[in-house]
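My questions all concern the structure below.
A, B, C, D and E are the chain letters, set down in written order, and residue numbers restart from 1 in every chain.
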Amino acid sequence: MSTLAQPRLRPASHATRWSRRAAGALAFAALIELLSRTGLADPEFLPPATEIVGRAATLAADPAFRAHALTSLLAWAIGLGLATVLAVPLGLLLGSVPIIDAATRSVVEFLRPIPSVALIPLVALVIGTGLQLRVTLVVYAALWPILYNTMYGLRGVDPLAKESLRAYGFGPLAVLLRVSLPSSAPFIATGVRLAAGVALILTVSTEIVAGRGEGIGVFLFFAGIAVPARMADILAGVFWVGLFGVLVNALLVAAERRAFRWHHARLGVAE
Amino acid sequence: MLEIDNLSHVYGGGTPNAHHAIEGLNLSVAEGELLCIVGPSGCGKSTLLRSIAGLITPTGGQVKVEGNVVRQTPDNLAVVFQDYSRSLFPWMSVADNVALPLRRKNMDKTRRKEAAHEALESVGLEGAARKYPFQLSGGMQQRVAIARALAYRPTLMLMDEPFGSVDAQTREDLEDLVLKVRGHHQMTIVLITHDIDESVYVGDRVVVLSKAPAHVVGDLKVDLPGPRDQITTREHPDFVHLRAEVGRLVRGHATV
Amino acid sequence: MLEIDNLSHVYGGGTPNAHHAIEGLNLSVAEGELLCIVGPSGCGKSTLLRSIAGLITPTGGQVKVEGNVVRQTPDNLAVVFQDYSRSLFPWMSVADNVALPLRRKNMDKTRRKEAAHEALESVGLEGAARKYPFQLSGGMQQRVAIARALAYRPTLMLMDEPFGSVDAQTREDLEDLVLKVRGHHQMTIVLITHDIDESVYVGDRVVVLSKAPAHVVGDLKVDLPGPRDQITTREHPDFVHLRAEVGRLVRGHATV
Amino acid sequence: MRTAVFRTVVLVVLVLVWEAVTRLAGSPFFPPPSTIVARMHAMWFSGPYVLTDAAVGNILPSLGRMALGFAGGALAGVVLGLALGLSARAYDYLDGVLQFLRAIPPPALVTVFLVLFGFGLRMQLAFIMFSIVWPVLLNTADGARSVEPLHLQTSRVFRLSRGERIFRVVLPSALPKMFAGLRLALSLSLIVMVFSELLPGTTNGIGFQLTDAYATFDLPAMWAGIVLLGVLGYLLNELFLVVERRVLAWHHAAQELVS
Amino acid sequence: AACTSGVETTASAPPSASVSGLEKTKLKIATLPAIDSAALYVAIDQKLFEQEGLEVTPQVVQNAPEAIPMLLNGEIDAMFGNYVSMFAAHDKGSLKLRILAEGSRAAPDSLSVMALPNSPIKTAKDLEGKTINVNVLHNFQELALTQVLKANNVDPATIKYVQVTFQNIMPSWKGGQIDAAYLGEPMVTAATASMGARKILDPASGPAAEFPISGYVSTQDWYDKNPKVSAAFQRAIHNAAKLMETNREAVAKVLPNFTQIDAATAATVTFPYFSSNDNPVRLQRVADWMLEAKWLTKAIDVKALMSPTTSG
């Protein structure tokens, strides 16, 4: 997908690309292995990569861990879904009606930097703990990337494209939905991918602080209070979270490539 | 049909870079007329078109379409933009691009599709319906933009250098197509062109604008015998005379 | 100077939508020559230009510039793209747009500025130097793109319908400007146009392409007495003859 | 002007509603804004030169951490984003690992950070950068990948050097998207700053005060921290918008054609 | 005497007879994954709640403050929490506290300030000016150590406390980022065995001997609505504590269920004292020291928050 590099006679084949990916992942694993084995990082606290991955494999077979993982993924999925459903229309509204954006900006910008740690007790008090707490915090955090990418995406829409539809007598709403939205959809999708990561982090982090017994975060917490802390367990749990992140990202990217073929094909023209 | 009254437009008004694009322009177009506008590059033709379409609010004067002052885009209007490639939607196939405006027309899906294909066929692009705009050549994109406007069957059609990117043969075919469609569907057409021959060939009237700020410096009635024909009309003595006249007006004011 | 050898290009090769744009095209251009290319819309002219500029890798055959097979953009080449408005950088003023490529030329900042202003002046845009592209009319943008290519003083210049959006007077001025610059600076120029008169007027040679997939169907030497002049040249009997000849070739192959 | 008035009205109404609702509810967990403001004044703004020692000792170090973390994270995000957006090779090698790291909840990695960076500022900065780099990175990569093809072709035709292509073509066209990422990262850096001040060994900062307040159930103090963060977030964002308006003037102007 | 008459009637009734008349029988209690909350699990395990007609479900939370919102919005009936946090919450009006039953007190060697074998710190005096970790700032660890340091002629004000989460104590300690570690069980046992760490000071000695750490608490409101349940609950906890005094195995058996302590470690760690009766006098000490440290804005009469012991 290099658009800047001079055209190569043959773009890299699938095999080359996958082997590069594997090489990248292996190099990263090797780095951790090395840090740990050479004692640069105390192996008691950063076990070698082989041990982490080995442990991760056994965890996958552990029904207790699978139950934790399922709980987390459920909260993640609900949270991300809700965030998307809320943020896109909100972004369209704020991005297309400047006066509303200006009027609400102080409130929005005031709310944005409030950390979830401060919110946990307050939200817990109002709506209770459990799934709803996690989902609320996930939505609260995952909302922003989608909202901002929607707003900024709208600004990047070619004005002439909007005029073209307006000239046929379409109203502002039709122009918004039929031109601005599809045109900025690829960037909104990037926002959703960002939010997917944020949502995952928030799910697990909330569980670490206030998990009420279920979720990968709780698993991590308990591994951490063991004496000595079960670092291999913690990092194996982290490994699964990271891997899930990679999978979700890959899925979303694949979906983007399908949905926005017009976008990618056009950009690929330069090759 | 169309009444332009002392129209003025200033871009960036109030700033030191203010630019007077149009000043005190008066013009009226009768129902069913095909008016050609010619004028030097950068004089304000596209600005005039945008004002008629209600896409910009002129800083002075007013535009009336069918007696109503234009505040937003009038109904049953179609525009072929000068920058045709940017006016096509890259996320839609060519056929969808053409069919989209028809949603305003209470047509069902199949009817819209049919109408789009018909329009594409009329501009010689029946084979490109399922392609995306970026897969077309410049001239083909321009023809898609024309097809989109034609399929819409507007009562007022605004065309900004609509045939600039096609070859001579296609250009003639498109000129005749516009004449034919106009006759069938009683459209009023305002067409901007740089091709003086073209303006005389397709126009019922040719208006020549001065360089910026634009105002009318010539308004010629084209009284050629119809139906027009690429060979006989262009050989008609009136044609030769009118074309020379328009040429003189344009040249005179381009260099003043 | 330029040698095109059995060139073919297929878009989307391997897919069911594969499109043969060029097939078995041979062409050579001598040093200092001004070659005009005409051909029906969508035949493959821009594709050919892109191959020469090394922007696409043709699927068959090869292009040689000064004896070297083109794998990436050759040195000292300038292109005026058909889609001029998109080829200007919106975040730069017009003058900066023109001056940017000059960084390759070992010029210091003031020299670059001077050269840019000179070029803008030559296309009649001395007043627009500090504006941004979106503040210009279509024809003005096109002239900026021309000025950028001229200021660069390439040895090989590729122009894709460079005068399509300007009025008749400006068009003639620009034609003469290109002829003048070519004479002064020994450029080789390949110019795509749809205006048959223009092709004969500015060209040393006119090549006519068939409809897609493009190949050469006519190659006419233009042997008009120099220096050319808008009035006398166009009245020259050879001009009238050549123009009819080119017209016939284009029309014949556009409708086949 | 009209929007400024409108905005103030909205703000005042909301604060009044907040005051009324919290007074009616009377929950110690939700003190009314007047109480919070009084507490903020007492804690931070009643010193001899406006700021109290507590403000100097907590707010300033926090802002310092945030600024350094933001700068480092933003720079890393832009550089990595450009690399990923521009080079298929860099994308292939790095994308997987970066997507992996992006999904990892930083709180789970505290021990690893501690072992690698030790207590204190270095670790806090690493923590902030690690958390805020992602929106900048992804949006920059998106921007760098969606540069108008004709712009790239133009720069290729005129043989611009690699640096010129990146700094004069790719970067400016990616800027609008990059700014969306930077704006996200800015408020994120405030949030993560608070988290970083919960990390082992921290002894000052807004986040430290905030959590200490909650641990001792000093809820007005906790709310003072929340409100301070909100106000800082708002002010930083306004500053950011001023910069953005300057840098993206061409973009905004070109957009205003319509409407 | 400070108690309401309702409590006294309940108090005089024999345990077995109180089954009837309970306001509710199903209780949800928040507990911590630490040895201190063992009594609740022993009471469940030994069916002591059942005997009282109660069905208790423990809800493990990760820290006590997290449970307070749950208590306030009725998700749980009571919680196990440390007194310092609870008194602070009570003092600030976040919670109208009611202590249902005492829980744990520090036993000798169940808490320890320790140094690594090669550390220059040998005696309590050497701690002066040093950095020591605590789980949470301004909590019972600091409170007790302050008293013990004073008794050892060390100025407590010179100690720098840093908050370090459980999991990060060992790496911070090994990395030299804390000079001495303030540990609780089972870390004390582990640090002694695996790292040869030396005990410098027992924070639960001298003036802070048998320092009360945590108890079972609810809101005054809940208590007023459920006086009989409260009494029954208190009896079951105290009975469990009594049983635990003589029966170490009963404790060791339940530990792996809710802590991360395996059976082998459970057999060797030092347990805290589990209170088999409620004693306002020793608990008052905590409140008084907090007031002394200015962690409270006003004195708390602890006795008013407690019920007299009703079990055997």
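Throughout what follows, a residue touches a chain if its C-beta (ideal position, glycine included) is under 8 Å from a C-beta of that chain, and two chains touch if they have at least 3 such contacts.
Keep in mind that what you see is a predicted model, and the values were worked out from it rather than measured.
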Revision key, fill the gap. Neighbours of subunit C that also touch subunit A are B, D
Review point. Which pair, A-D or C-D, has more C-beta contacts?
Key: A-D
Exercise for review: Would you mind pulling out the distance in Å between where the CA atoms of subunit A average out and where those of subunit B do?
Suggested key: 48
**Study point:** Inter-chain centre distance, subunit D versus subunit E - centres from mean C-alpha coordinates, in Å
**Key:** 40
Check your understanding: Roughly how far is subunit C from subunit E, going centre to centre by Cα mean, in whole Å?
Key -> 86
Check your understanding: Counting only residues that touch at least 2 other chains, which ones in subunit B make the list?
Key -> 55, 83, 86
Check your understanding: Tell me, which residues of subunit A touch at least two other chains?
Key -> 6, 42, 45, 121-122, 125, 160, 163, 166, 208-209, 224, 229, 234, 263, 266, 269-270
**Study point:** subunit E, residues touching no fewer than two other chains
**Key:** 65, 69, 72, 165, 167, 171
Revision key, fill the gap. Listed in rising order, subunit D residues that touch subunit A in their complex are 2-3, 6-7, 10-11, 14, 27, 29-30, 86-89, 91-97, 99-109, 111-112, 114-116, 134-135, 138-139, 142, 145-147, 149, 152-153, 156, 162, 165-166, 170, 176-177, 179-180, 183-184, 187, 190-191, 194-195, 198, 207, 210-211, 214, 222, 225-226, 229-234, 237-238, 251-252, 254-255, 257-258
Check your understanding: In the complex formed with subunit D, which residues of subunit A make contact?
Key -> 1-6, 11-12, 16-17, 20-21, 23-25, 27-28, 35, 41-42, 45-46, 98-99, 102-107, 109-118, 121-122, 125, 144-145, 148-149, 151-153, 155-156, 159-160, 162-163, 166, 186-187, 190-191, 193-194, 197, 200-202, 204-205, 208-209, 217, 220, 224, 229, 231, 234-235, 237-238, 241-246, 248-250, 263, 266-267, 269-270
**Study point:** Touching residues (chain side subunit D, partner subunit C) in the complex
**Key:** 148, 150-151, 153-154, 156-161, 164, 168-169, 172-173, 175, 250-251, 253-254, 257
Review point. In their shared complex, at which residues does subunit B touch subunit C?
Key: 11-12, 17, 19, 38-43, 45-46, 82-83, 85-86, 131, 135-140, 143, 160-161, 164-171, 194-196, 247, 250-251, 254-255
Check your understanding: Where on subunit E does subunit D make contact in their complex?
Key -> 65, 69, 72, 85, 88-89, 91-95, 133, 136-139, 160, 162-165, 167-168, 171-172, 175, 177, 295
